[in-house]
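Both complexes below contain chain A, partnered by chain B and then by chain C.
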Partner chain A sequence: MKFWRLPLDAGSHSIPIGELHIIKDRCKGCGFCIEFCPNQVLKEAPEFNKKGYHPPLVTKQGECVNCNLCEIICPEFAIYSVLKEYKELTAEDIAGYSKK
Partner chain B sequence: MTPKKVQRKEKEEPRIGVYVCHCGLNIGGVVDCARVAEFAAGLPGVILSKDNLYTCSEPGQELIKADIKEHRLNRVVVASCTPRLHEPTFRAACEDAGLNPYLFEMANIREHCSWVHLHDKEAATEKAKDLVRMAVARSKLLAAQEPLEVPVTRKALVIGGGVAGIQAALDLADSGYKVYLIEKDPSIGGRMAQIDKTFPTMDCSICILAPKMSEAGRHPNIELLTLSEIEGVEGYVGNFTVQVRKKARFVTDSCTACGDCVKVCPQVAPDEFNAGLSMRRAIYMSFAQAVPSTYQIDMDLCLNKHGIIACDKCFQACQRQCVDYSQQDQILTLDVGTIIVATGVDVYDPTPLTEFGYRKFPNVITSLEFERLINAGGPSGGNLIRPSDQKIPKTVAFLQCIGSRSKRSNIYCSNICCMNTIKDALLIKEHWPETKILVFYIDIRAFGKGFEDLFQRARREGVSFIRGVPGEIIEDPETNSLTLIGEDTLLSQLYRYEVDMAILSVGIEPRKDSPVIQRLLNLSCAADGFFLEAHPKLRPVDTPTGGIFLAGCAEGPKDIKDSVTQASAAASRANILMAQGKVIVEAITAVVDETLCQGCGMCVKVCPYSTIREDPETKIAQVTQASCAGCGTCVAECPFSAITQRHFTDAQIFAQIDAITEEAPETKAVAFCCNWCSYAGADFAGVSRMQYPTPIRIIRTMCSGRISTEFIEYAFRRGAAAVLVSGCHIGDCHYINANHQTEKRVNRVWKKMERLGLDKNRLQLAWISAAEGNLFARKMKEIDEIIQGVTPEEIEKTKQILVPKKKGKGEGTEPKE
Partner chain C sequence: MKIRYQPIVPFDQEGFNRLKDEQHGLHPDDQYLKPGRIPHIWCPGCGLGVVLNTYINALKMTGIPIDRSVVVSGIGCTGRVAGYLNMDTYHTTHGRAIPFATGLSLTRPDLSVTVFSGDGDLFAIGGNHFIHAARRNVNLKVICVNNFNYGMTGGQVAPTTPVSARTTTTPYGNSEASFNLPYLAHASGAVYVARWTTFHARQLVNAIAETFSIDGFTFIEVIAPCPVGYGRPNKIGSGLDEMIYYKENSIVQNGADPRNVDIALKGKIVVGKFSEEKRPTFLGEYEEKILKKFRRTET
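Moving on, here comes the complex of A and B:
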């Protein structure tokens, strides 16, 4: 059955939300961050940077959970995330889990 | 050794002994047995013919044995009662005297003759002669057969680790067999582990289940495979090969369930075990008593995807280093002799019934959510609270039959909900006696042991039972309280009740993925989607496929006690097979003549047991003898006559038709009846002494699916006035669905008759069950009227124009003589 109800203990849990910072002109377009983001937050930007590469673009703002994987694997130190806030769970989050 | 070769070897002259039984006055009082015996003596091949008082008696059997030896009889025909009664007796007698039991034949002159024609002695005697003539004709073509003995692997597979699966596995393991217990969830326990208390004894559910779970977990004969699913099943009774996918757990067996990893996991999701009422992490254990007591990682939720480690917090937290992100699924191959299916049920989702507002109003919950709320180990610590404000409700309503007994959801009664609600109401009364409880019902079904007592106790303790489920629930948006509107059908009054919380007593339904199990194991499902047993009364835990048994709710909704009872029954049935170590397959299986098979694949399509395969290279059909049930549907379907059913060959059936139509065929009807239903129905008409006209002559086959269109046309060509094809009702076929083929074939002949301008009414198709003797008798009267109406010209015309289709290779299903 698909879940919909906000769990009774939802208040004691929260989701970390990361803020992504991309230093566009450092990017060499390897695509690691896009490929390996566990929440598929990034995609390739349509525009070019100074070097002529497509840097990453944040598509799903608010779905970054600040795991820092992109920061670790980026060979050019072109991306990093900082903890922005802890978000409270909502009924939409629960419906989203059931879809997974 | 193929039967064809056997037949050729047996080409010695038939030496038939015929015994016409008086059965006291049962036959002798109507049929002139001496005349029948005298008639039989004149039939070609008959060496001796006798009539005696009781052939089945000890002296009667001794006489047969002595005659076989003295007169070197190589065929024995007994004209007496139904073969369904005494065929085994006489076969044993023949075997004692050194004659292969498959060389014995019976003519049923009691149930099908003397008992149903009590008042027409002359016609009954004539019919008895015909029946003996048919039996003698068939007996000449009988061949000695050896039943196949198949070894049984002494290991069992139990699919599903709920209470039924656990019980079945424990029973078999205690009997000394190796058991694989497969569960798709991370822990065994099933639905029973989620329930707070059981009815009618109010035992704590997990308290009585947990010891069984851990016993199953540590039993030396049980190999527990959790997070595992069946991917393929091959083989047949006693010899199954099963492919199992054991999914990666990502936590090794060294886990001590300390729970340190959980505290650091950043990923959360609703907890399935608590029906979504609490959160769990990506690394978790379903519940405290889980077996195996090992954590696992939900990789859909974990941040470490594609083997890339984004987060190693749980790995760092685990002192014993049990976390292994690189674990892979394993594919296991298991060889087992028997399989028990205990796959359980899903809970009905009441969302489509919008009038109750489930998913819209937070204080409308299902009975499963209630179980988790009232459970001390649940998300509210056992406090019954309203989800909207987490306060204890003062008025609670239970709504019965949600998702049951309605055309809008499931049509059947889910069996457990009435008692579950009564138990729940008493639980509330136990903890919060002041709570007002209203139960809205259609009927309260308290049918089991101790159930009515519990119901009366609930009434004594002040639970109100109101007949009539509300038509609508309305919510006050301010307070989130609910108003129930409906009609009290006992008082014929509309009602309006204000409650703090409503519990939908939801029904249970087949697992969403049960079609997968059905396909893999070749099971059948009833209309409601639950697995079908081989016989609803006498083989309630067997499936139509040999060696596979059913336990628990997979077969139909039932409570814990019934599930456990059925599990033990299934284990005991599996035990019988494995204790014997072998199964005997009756020698009535289909055999392919490889020189005639053209590889068209028609037989593969119609085989209800999927036991015929095409050789991948030659396309020649291959029948697995051990799993062939002997319906003969493939034989009737084969356009090249390349398949023979042992003991029910085309030649034998043609010989029977010949015998019927030898004299005055225009006054007779040829009937083909399946052994299990319509032949038994005719027997029942006999036992009940239902009188019907005499023209019918019955040919017995195992299944109506054996009747090829050739037989029907041949009977008409021989001048028979009418033909009846009769089998089990659609859906009741003893060979799963072979009678669908019967229907198709009869339709084909009807069309052909219509096209040729013949009266298609002369071919009748009737579904008659073993209990429908009256229907059989009625059909016989109908057929008699049809025969009266058939003109000699019509019969002559049929003989002329109903010519056999030109056939390719392998022509010659018709008798050569």
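Moving on, here comes the complex of A and C:
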């Protein structure tokens, strides 16, 4: 879908911004959160945790939209996201969405 | 020859308590989990943790308090769910989760009783109990985690293993036909039949939350990856590869005919809510047909 201008009702919508919390030592490195994050916010960390697995690492902290999918899909209860703030919808967001 | 015995080290209870306090409460869902039990024993890439997580999220979503919900589970990897949840949970003998839950549900109709068990437990040794509980329409919420083999005992062939799938007891491929679980449940008389995979976590949360408000025997089949017992011998790969396989090969078809939702090895998986109907429950019929007559004679 492509938007050619900012929608007229952009003021009544906002983007939720989430903050990710990762409990590194619980992770068993299954990679579900990294693979299925809709915004590709996570990637595999280069360092090991206590168990010897690579826990996820947040690469783009501002891009998490608090959809909670990683929290639901994590089998180890090792990741959760908390709603931090609501961001106003701007022309850049719309342009970025059209590019995807 | 001199035999060396290992020195007996007494169990460090203080250290255990310290570790338990440190580890518990780091995650918001930890209030539903027993302190000191996480990390669980399930393998990396196993789908059972996802199903446990979705069940907790469904509880959070519907707001059912912990002291009003009960989980009964049988034996197997899935049976260990009962040990991890911090509520009234019962770990019963092999295959007898449904008889136990039936008694519980009939004596305490105010509780929300969920049976959490695997395919081997519910359909191999406990198959008879399953069909009769569905026939009577006892008020139970059954979540069957189907990973196509007996995972805990080492990946043996199960009644749900697809034809020509390899397991440790069928090294040349399975020659037996497998059960079509939604069809079996629907034909036996379950009022709500759905199937989701662990990839459809959000839909699974909604489905489990939906069943809490339904009176009667509900059945949800959850297809879960078993990377060690099923993925490795069948060349599907790790748990993540199996999840990607579900993502690419599952077709959402709500209201599909349960007769046509059989699963073949590496074939398409039809998921969705297959049927929902209304039928009088066991307790309601008993009240209506038998107890009412005696009440009339008394007055």
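Basically, the second predicted complex is superposed on the first by the 95 of 100 C-alpha atoms of A that agree within 3 Å, B and C clash if a C-alpha of one lies under 4 Å from a C-alpha of the other, contacts with A are read in each partner's own complex, and residues count from 1 in each chain.
Assume a residue touches a chain if its C-beta (ideal position, glycine included) is under 8 Å from a C-beta of that chain, and two chains touch if they have at least 3 such contacts.
Note that this is a predicted model, so its numbers are computed, not measured.
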| item | value |
| --- | --- |
| Touching partner for A:F36 - first (chain B), second (chain C), both, neither | both |
| Larger contact residue set on chain A - chain B or chain C | B |
| Partner chain in contact with A:I23 - chain B first, chain C second, else both or neither | second |
| Touched partner set for A:Y97, first chain B, second chain C, both or neither | first |
| Touched partner set for A:P7, first chain B, second chain C, both or neither | first |
| Which superposed partner A:L69 touches (first chain B, second chain C, both, neither) | both |
| Doubly contacted chain A residues - partners chain C and chain B | 36, 69, 73 |
| Interfacial residue positions of chain A with respect to chain C in the complex | 23, 26, 28-32, 35-36, 53, 69, 71-78, 80 |
| Residues of chain C touching chain A in the complex | 23, 26-30, 33, 38-40, 42, 44-50, 52-54, 57, 198-199, 201-202, 205, 238-240, 243-244, 247 |
| Contact set on chain A toward chain B in their complex | 1-10, 13, 15-16, 36, 38-39, 65, 67-69, 73, 89, 94, 97-98, 100 |
| Residues of chain B that touch chain A when the two form their complex | 266-271, 274-279, 300-306, 308, 310-311, 346-347, 349, 359, 362, 369, 379-380, 385, 387, 390 |
